[in-house]
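What follows is a pair of complexes built around chain A, which joins chain B in one and chain C in the other.
On to the complex of A and B.
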């Protein structure tokens, strides 16, 4: 996906979530630049399944008739109290079933959907990443961490570096634990005779179609209708740098402040991969460097600090 | 694990930027990154931050037999560790080419320049000398490990204190820190290495290359120098041809950089000395105050359960026997009785002690005292019901309605249900333990 940050450029972002319960994968948001017409078809062809893992408030398991009577209290309020606070691995929530036994009235199971950074262990809910607890209505909770290690997830678009050409596949480094494979036929308009021009060391913007913990991840540079849709090999120039995964998600979320601030500075091209790699190109080397350094420093800044810095850059301090 | 490869786009961009005299982090050509020197709690422990590169050096000493050919000289030993902590490209355990190279450079820089007086490390000639061991651990690699390593090693050596020894005849006594103040090593000068990287066959030169610049560079020139402008060691690698003028220029730059860094080291050592004299505690552990309770739930208070049975029995023995009078149950309607509304059961208190859990033993005497009051209330309640002659069956789940058959022994049945009701909260928790 290429976002043109020219202030005149018009762009629209549509989001959806994917969460793979088998891999304990990030609850991530993937975005593509589409107009509403394309979106309808995109929904059909992209295999994003909103799969979530549900946690029911643990009632006393010894008898099935007993159910926690905490209703909207208990687990939910326990988590809700901590929304917006920084939690560290080892923090735990525990929910003890209420002691009173309901003989009348239907037992209402309480459901909480846990995203990345929260995991269940018995009747406890453990925090497994450090970060800020986030909440989304009605009952989704996750930890917003600034981790840098990328774990491939199906459907996510990433920036990869081609490391080897072997037979009919390219090996691509995406920053995960394993290199991904990319078939030379998985480019727009590629046939057995008409091979894409990809050299070792080139950058590709591609999407995962296979990503699970037991198999080698596989990338493609086109969507299911065979169009490039912004993916493919990068042209010359520009600079690649890495930021944290949290910042990448922030950059890609709709109505993002960082991006809005960046748009005020000067026209540039920006490609954001979900694996934390960002490629940027502006008219001069100096401007490209400014963009890269600004984004890298955004990781650890409050919005006020950032706006102050961006204002200074705009006034020509750098 | 393999390192992240460098893409063509990064390489092209870096070279283009260097041609325009720009660097990724906004430095000028001859600028060092920010250097920060900190010390650990122990003597001889030093951390050096060079931008994002981080190196730790730890010096330790040991009494060993000297080498055959140098019977009255101490031994210097250098060891560098490249762990995956520093970079995923470094492997655990095996000595990599880079670590051998770094080790060799460190030895040449610090041992062969004779900056440390090894003869002062001799205790008994030919028998006992001090072996000074310098372990340099790379904690994070963002380029220019060598400069950071030499700064860390020499600072740690300056910071180190070895235990005092005394010789009386044949006997060698090593004094602990409490007995006698430890002694610093005698250091003649501080060699500090400065790295220069060359690009485009030596056309462009950068001081203190970062990790990405190191990958793009054509050649590297390393000059170790002390503040008296004496070159201790010089090495060129990467196979580029350097002109005489280039080397001269580099050595001039190096002399400026070395005097700056030496100044920084002496200042850091002085600060640490003052801090130690003032009695403040330093080091990593002290820098992280533990003021946070990480668990978001309260743990149950542990109750000692080792000799509860004995204590309970003891209490039971000592307390007076409760009055044996059992209030006769009032049956409001034939075949119906009620124990109610969360009141203490007073029927058959004498059996409570065996039936209640052991943990409750201590409370029993108190309960019995209150029992009489409760009993009165129960009776009163019964009378009220009797008057109305109506059996109330509330749908509140807090209450329980028990149907009593006239033949069955009343106290047994009722007591069980009541204790269940009241003790539900407590007994449940106990089961969890």
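On to the complex of A and C.
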């Protein structure tokens, strides 16, 4: 029989929901906040201390002589070897401290930041989603998977559809398991008197300020300084369609090939929400539809196939 | 410990799989074992009915659709087997107060149906990107009149068999997660069947890995 580990125990320690590969400062902060055990390991151990089973600390005398260190060697190399490979749930990495004695003074505890799809359990690192292992310098690892259903995460910008107006909040459908709420005061220049003009059925581009599994997600349409910063209600025209979350992440990553190819075609506006919704508007309806069809087919094409197709469109084949 | 079965190579019928072949569900897969064929679709984590809401984990619903007619008692019991296996493999507490729906559509039944349901379910859950502790697979063993163990039997072999057992095996420690048995057999025979299933599961897990790798080959 399978023994179910208590997932809440290690979730308190690694918050992979507030993971954002583009914003490293937030990452370190969240890491420090959520993972005090690693930082507290003054014995120079870089392994993750087990939290599920009792850990018997070695006596002081022995710890001073046998300072085990699995540092950059063991921990990183074992993860780094697998970067770019496809992993499936159930795969695990174990960071056993090897018995080498450090002569170069107290070793710094090494940290690994785990993103989506990786989960700590005791002194092991478990994979919980299928996908490609990715790495970002210096120590961030995550699983890049293709999925369709969106799960809200704090700080992500999404395209939502207003479904209801109730009192002082709008209910917004973002494609998650629950509708998000959006206060009418969370728009640029909105006051109690000056309400924003938002109707049921409108599209909004907004950012999550509250998103966790236990609470109703909450959106805002302005940044921390009170500016709209590109967010708010959409204007008329344009087309909304959905693509997979993997493609959205690819579109938003810096120096992306798909986006570069698209720029070659014709001028258009493109709004990409992390929830897999993409809104586009070009000068004519035909061009808008071409862009929508191209992006939707990008999911299942290799880069050569895609470049071939884009070239054909550029030559006026469609 | 279990003894490893005498005949060293376990024979399974040819199996195949295709992931994300449907456009509407969040995850989908079809799984073929010989002539047995099943299609699976997963929806979720989605909004849940208040009556089915569980405050600390997701509600998993498994629906099995037969080829014709409405689901009967047999389908209900298979649903329960699949649901309990999935519940053990999934990390449902990461999506509290939401619903997961797994729909299994029978396309053709030629024996080892429950194991095919399990395999299709696992591939579809993986395709949907739901957090899982481990993978699982289903293996069906039949014991014929001569006492020989046949893995992945056809419908004809199932009919002639004295006992029929289906096990769900997990991918990390090759343990039995679920068992469903029919007919009469001794304890020793059951242990042999488990050992055979564990051996056969390795082939299936390797196949899982290969097909996922093929799926992601375009984005590597």
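Just so it is clear, the second predicted complex is superposed on the first by the 223 of 318 C-alpha atoms of A that agree within 3 Å, B and C clash if a C-alpha of one lies under 4 Å from a C-alpha of the other, contacts with A are read in each partner's own complex, and residues count from 1 in each chain.
Heads up, the rule we're going with is that a contact is a pair of C-beta atoms (placed from the backbone, for glycine too) under 8 Å apart; a residue touches a chain by one contact, two chains touch by 3 or more.
As the structure is a prediction and not an experimental result, all values here were calculated from the model.
A.B. asks: So, does A:302 touch the first partner chain B, the second partner chain C, both, or neither?
C.D. replies: A:302 contacts chain C only, not chain B.
A.B. asks: Contact-wise, after the overlay, does A:203 reach chain B, chain C, both or neither (first, second, both, neither)?
C.D. replies: Touch partner of A:203: chain B, not chain C.
A.B. asks: Using the superposition on chain A described above, determine whether A:147 touches chain B (first), chain C (second), both, or neither.
C.D. replies: second
A.B. asks: Which partner does A:238 reach: the first (chain B), the second (chain C), both, or neither?
C.D. replies: first
A.B. asks: Quick one: classify A:84 as touching chain B (first), chain C (second), both or neither.
C.D. replies: In the superposition, A:84 touches chain C alone.
A.B. asks: For A:288, using the defined touch cut-off, is the partner it touches chain B, chain C, both, or neither? Pick first, second, both or neither.
C.D. replies: First partner only.
A.B. asks: Once the structures are superposed on A, label A:132 by its partner contacts, choosing first (chain B), second (chain C), both or neither.
C.D. replies: Only chain C; A:132 stays clear of chain B.
A.B. asks: Which holds for A:264: it touches chain B only (first), chain C only (second), both, or neither?
C.D. replies: Neither partner.
A.B. asks: Per the contact definition in the header, classify A:161: touching chain B only (first), chain C only (second), both, or neither.
C.D. replies: first
A.B. asks: Under the contact definition given at the top, report the residues of chain A touching chain B in one complex and chain C in the other.
C.D. replies: Chain A residues touching both partners: 88, 90, 92, 177.
A.B. asks: In their complex, what parts of chain C are in touch with chain A?
C.D. replies: Chain C reaches chain A through residues 20, 26-27, 44-48, 88-89, 91, 93-99, 126-135, 170-172, 175-177, 208-209, 212-213, 215-216, 218-220.
A.B. asks: Give the list of chain B residues in touch with chain A in this complex.
C.D. replies: 1-2, 4-13, 16-17, 20, 22, 24-26, 292, 294-297, 395, 397-398, 424-425, 428
A.B. asks: Would you mind writing out the residues of chain A in touch with chain B in their complex?
C.D. replies: Counting only chain A, the residues touching chain B are 78, 82, 87-88, 90-94, 99-104, 161, 163, 173, 175, 177, 199, 201-203, 234, 236-240, 279, 285-286, 288-289, 292-293, 318.
A.B. asks: List the residues on chain A that touch chain C in their complex, please.
C.D. replies: Touch residues, chain A against chain C: 1-2, 4-5, 7-8, 11, 84, 86, 88-90, 92, 117, 119, 126, 128-132, 144-149, 151, 176-179, 213-214, 246, 250, 300-302.
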